[in-house]
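Everything on this sheet refers to the single structure shown next.
Labels run A, B and C following the written order; every chain starts at residue 1.
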Amino acid sequence: MRSRAGWTSSRTTRHLIFPPVDQALGPMLEVDGLRTSFRTPRGVVRAVDGVSLGLDRGRTLGIVGETGSGKTMLARSIMGLLPAGGRDRLGVERSGTVRFAGHDLTGLPPAQLRQVWGTQIAMVFQDPMTALNPVVRVGRQITESLRLRMGMGRSDAKETALALLSSVGIADPGRHLRSYPHELSGGMRQRVMIAIAIACGPRLLLADEPTTGLDVTIQAQILDLLADLQRERSMAMVLVTHDLGVVAGRADETAVMYAGRIVEQAATAELFAHPLMPYSQALLAAIPRLADAAGTRPKPIPGRPPDLASLAPGCRFAPRCPYARERCREADPPLVEAGSGHRFACWYPLSLEDADTPASDLGDSQGEA
Amino acid sequence: MGESRRPLGALFWVCLAFIVLVILAAALANFLPIPSPTAQDYAAINTGPSLHHLLGTDDLGRDLLSRIIFGARVSLVIGFGSIAIGLLIGGTLGLLAGFRGGATDAVINAGSFVILAFPPLLAIVVIVAFWGRSLWKLTLIIGIAAIPQLFRVIRASTMSYANRDFITAARAMGASTRRIIVRELLPNVAPSAISFALVGVAVVIVLEGSLAFLGLSVSLPTPSWGNIIFEGASNNNLQLNPFIALWPALAMFLLLTSLNIVGDRLREHFDVREGGL
Amino acid sequence: MRERTDGGVLLAYLAKRLVELTAVVFLISILAFLLVHLLPGDPSVAILGPFDTPSARAEVLRQLGLNRPLPMQYLTWLGNVLHGNLGRSFLTKQTVATTIGEAFPIDLELVVVSQVLAFAVAIPLALVAARRPNRALDRLATATTFGMLSVPAFILAVLLALVLAVEVHAFPASGFTHLSNGVIPNLKSVALGSIALAAGSVAVYFRLLRSELISTLQEDFITMARAKGLSTRYILMRHALRPSSFSLLASAGINIGSLLTGAFVVEYLFQLPGIGYQIIVSIDSRDYLMVQGMALVVAVAYVLVNFAADLLLGVLDPRVRRG
């Protein structure tokens, strides 16, 4: 079904695979103290509030959080693809550093940053219905970056687009090149979007809720497709989702975001086995499981994420946390390391006795205000 | 909802004041210390501004300020009168169609599309030419031509309220259609109707001017703004005394701008579509 | 199969619009027919005016068939019209069809020149303004065009005549020079009229396109295009312009329709003998049959132009076809 015919052998392949990554350089992505805030009529909204993370080549990082936790804005901020000012956004400010393959992206002027987009870092957007231009044929939406960014001629670009469409599992690619987005099904649109994202052979793929709105079977197909493409092209990937079920077994590491911050990060299996932060635990409890008895419903998390324009002191999750105590409402817990790369931000972590290190030996804090 | 409304701004009040000033001057023209608009002062032909004639005189020695003030009567009567006719008929139909929906709406709506399919200026020109061009006929013809546009605006606005909870509640309490329309819908629909109507008045004032240029506005000794500008542009007057045309053109420009700004600001001020809920 | 469904939707849409079109044209014919009955008193007197002689009156009554029941009169008249017989001027003895044939190219030229001018100014201006909304340039352009909305074509025409024709003598103040006398004199003769007509269009087109562009630029697909690393210029031209231009095209369609069917004031003021001019001249000389015939043809043309504009919009915007 996902035929990759001609993918590795065709003449066009040379354009697609980025030159081998220089192993002497450090990790693919290093984010340090990243902050993004919007000035709005209601005040300053800190959408991303001091996020630090790293991602190695070819690896996958899951970023999980509820709607409004800032995960989409984090992905945009990493890329530097921030929305222009609008009616309710008077201005955008970003600080902190983003290093991509050793190069600092935050200081780049727009024209140079643009050279990185598409060819080095690409993004798969949440909703293919709105992210594909409704009045431009699918073919041109794929070939335009090949032609403008990779300097391909018309026929080369078309050939490559055909190969890309079949590589993302679209049958009869020749016909679909001439289609408009609305003529495709939801799953096909998402495949087209992925084809566009990988067209110029990026080394880092930011996938923002790539399967939201698709039915479960198609979700699995799209996620498998992303994993296959990632393996073939040794891309690093950031998989942003509200559904912990999506990152299970697919992300090497998973970071949980809440109110603009990372509140817990660990190897995915570790996070699922030993969540330390009550919010992560609540998210885990919200995953529907096959093993659940018929009729049991996943537990939703009561309450709503805080208003980012007016934050109360203390832990941001405290108002919704069943274990919150006095200290949680007074002081903001720092993000600390519990050994083996398991980071969390909580004064009274869960099941810490199961973790490798006792709480007293916690490493230095990061990402504090 | 109230807090999120855009402030009207100082410009709005300046423009509103100008509109009121023009209306008052036109209404009280007989009591103002100005010469008759048709009185010819042979001692002062094509003069510039002076104490006797604040804006000067035209080629027949008539006082330009007086002509502009009396001319405003015709322009304002046609402008506001025809839009009032359009609002009365189009508005009522719009409220009814928007609230009732179904067959009532389908029939009236189709009718409005048919009328809108006609080229409006051509229709008005031809009907005026065939039927006559007294002040009242002009007002009536233009008013009828304005019905479908006003109908469509008010219908759309009504439909956006017709399914809101407070209307459903009023229905559930057994209020009559008439009562719901007058008490519940009208107050909500009125702001957008008024702002659209003000812009409509501006359009009609331009229309009167166009008709005057075609010799189809009110008959000539009677001044209207269109008539005065037309006279100022004919008989070599542009070369001899361009102010005959320029003063009324300026007056018209200011009034049109004021109407447009007031209408525009009102629309923004009462635009609740983006105001949450 | 998908193509067939799409075509089916398009066909159904076409059929619906055709039915509407037929109804409107039918109605127009009835109204145009009844127009003569609006005339006060005996129509023949009104039609003939000062040329009222017994034989002429008999001719009018015969032509109008006024002694027969109204529906019969209408059918006879409609039959004539359908055979291309729109009647003949009592004054010039020229047929209505001939007059229209001579006048129409002038309207066409005015429309083409003025709309080319309007698009050439409005589109680049809107693109530049929408790129950085609320900055100095955008505010200036927005305020200026708002002001231009309050300058009626006849005031602008007077000002143009005053400045460019009376003071500077750059353009002829009135009259039309036929294309056979050279392209430049011809274009010069329609220049002032075209500018007067273009100004209003510029204001409307700029404001429509600017606001559509600004909202389009907030769309996800623009962010996606940015993420591809495409240049701002390319994104504006290839991704934002087309989805933003539909209300512009719709308004241009209506505008072109009304200009084609009589830019009355501008033609009359600059003495350009297009349809609008001919209608006014016929009204002045009480040539009512001429007015009736031209009004009929022009109204039908207006409806057809709008219909064509609608169809064009359907072809250009693949979303409309979804029904």
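Everything that follows uses one rule, which is that a contact is a pair of C-beta atoms (placed from the backbone, for glycine too) under 8 Å apart; a residue touches a chain by one contact, two chains touch by 3 or more.
Source: prediction; values computed, not measured.
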| item | value |
| --- | --- |
| Two chains sharing the most C-beta contacts | B-C |
| Identifier of the chain whose CA centre is least distant from the whole-structure CA centre | C |
| Centre distance in Å when subunit B and subunit C are each reduced to the mean of their C-alpha atoms | 23 |
| Inter-centroid spacing, subunit B versus subunit A (mean Cα positions, whole Å) | 56 |
| Centre-of-Cα separation between subunit C and subunit A, whole angstrom | 53 |
| Residues of subunit A defined as touching subunit C within the complex | 79, 81, 83-84, 86, 114-119, 122-123, 125-127, 130-136, 144-145, 148-149, 179-180, 182-183, 193, 196, 200 |
| Subunit C to subunit B touching residues, read off their complex | 20, 23-24, 27-28, 35-36, 38-40, 146-147, 149-155, 158-159, 161-162, 166, 257-258, 261-262, 264-265, 268-269, 279-280, 283-284, 288, 291, 295, 298-299, 302-303, 306 |
| Contacting residues of subunit C [partner subunit A, same complex] | 2, 6, 217-221, 223-231, 234, 238-239, 242-243, 316-319, 322 |
| Residue ranges of subunit B touching subunit C (in the complex, touch as defined) | 113-114, 117-123, 125-127, 129-132, 202, 206, 209-210, 213-216, 226, 229-230, 232-233, 238-239, 242, 245, 249, 252-253, 256-257, 260-261, 264 |
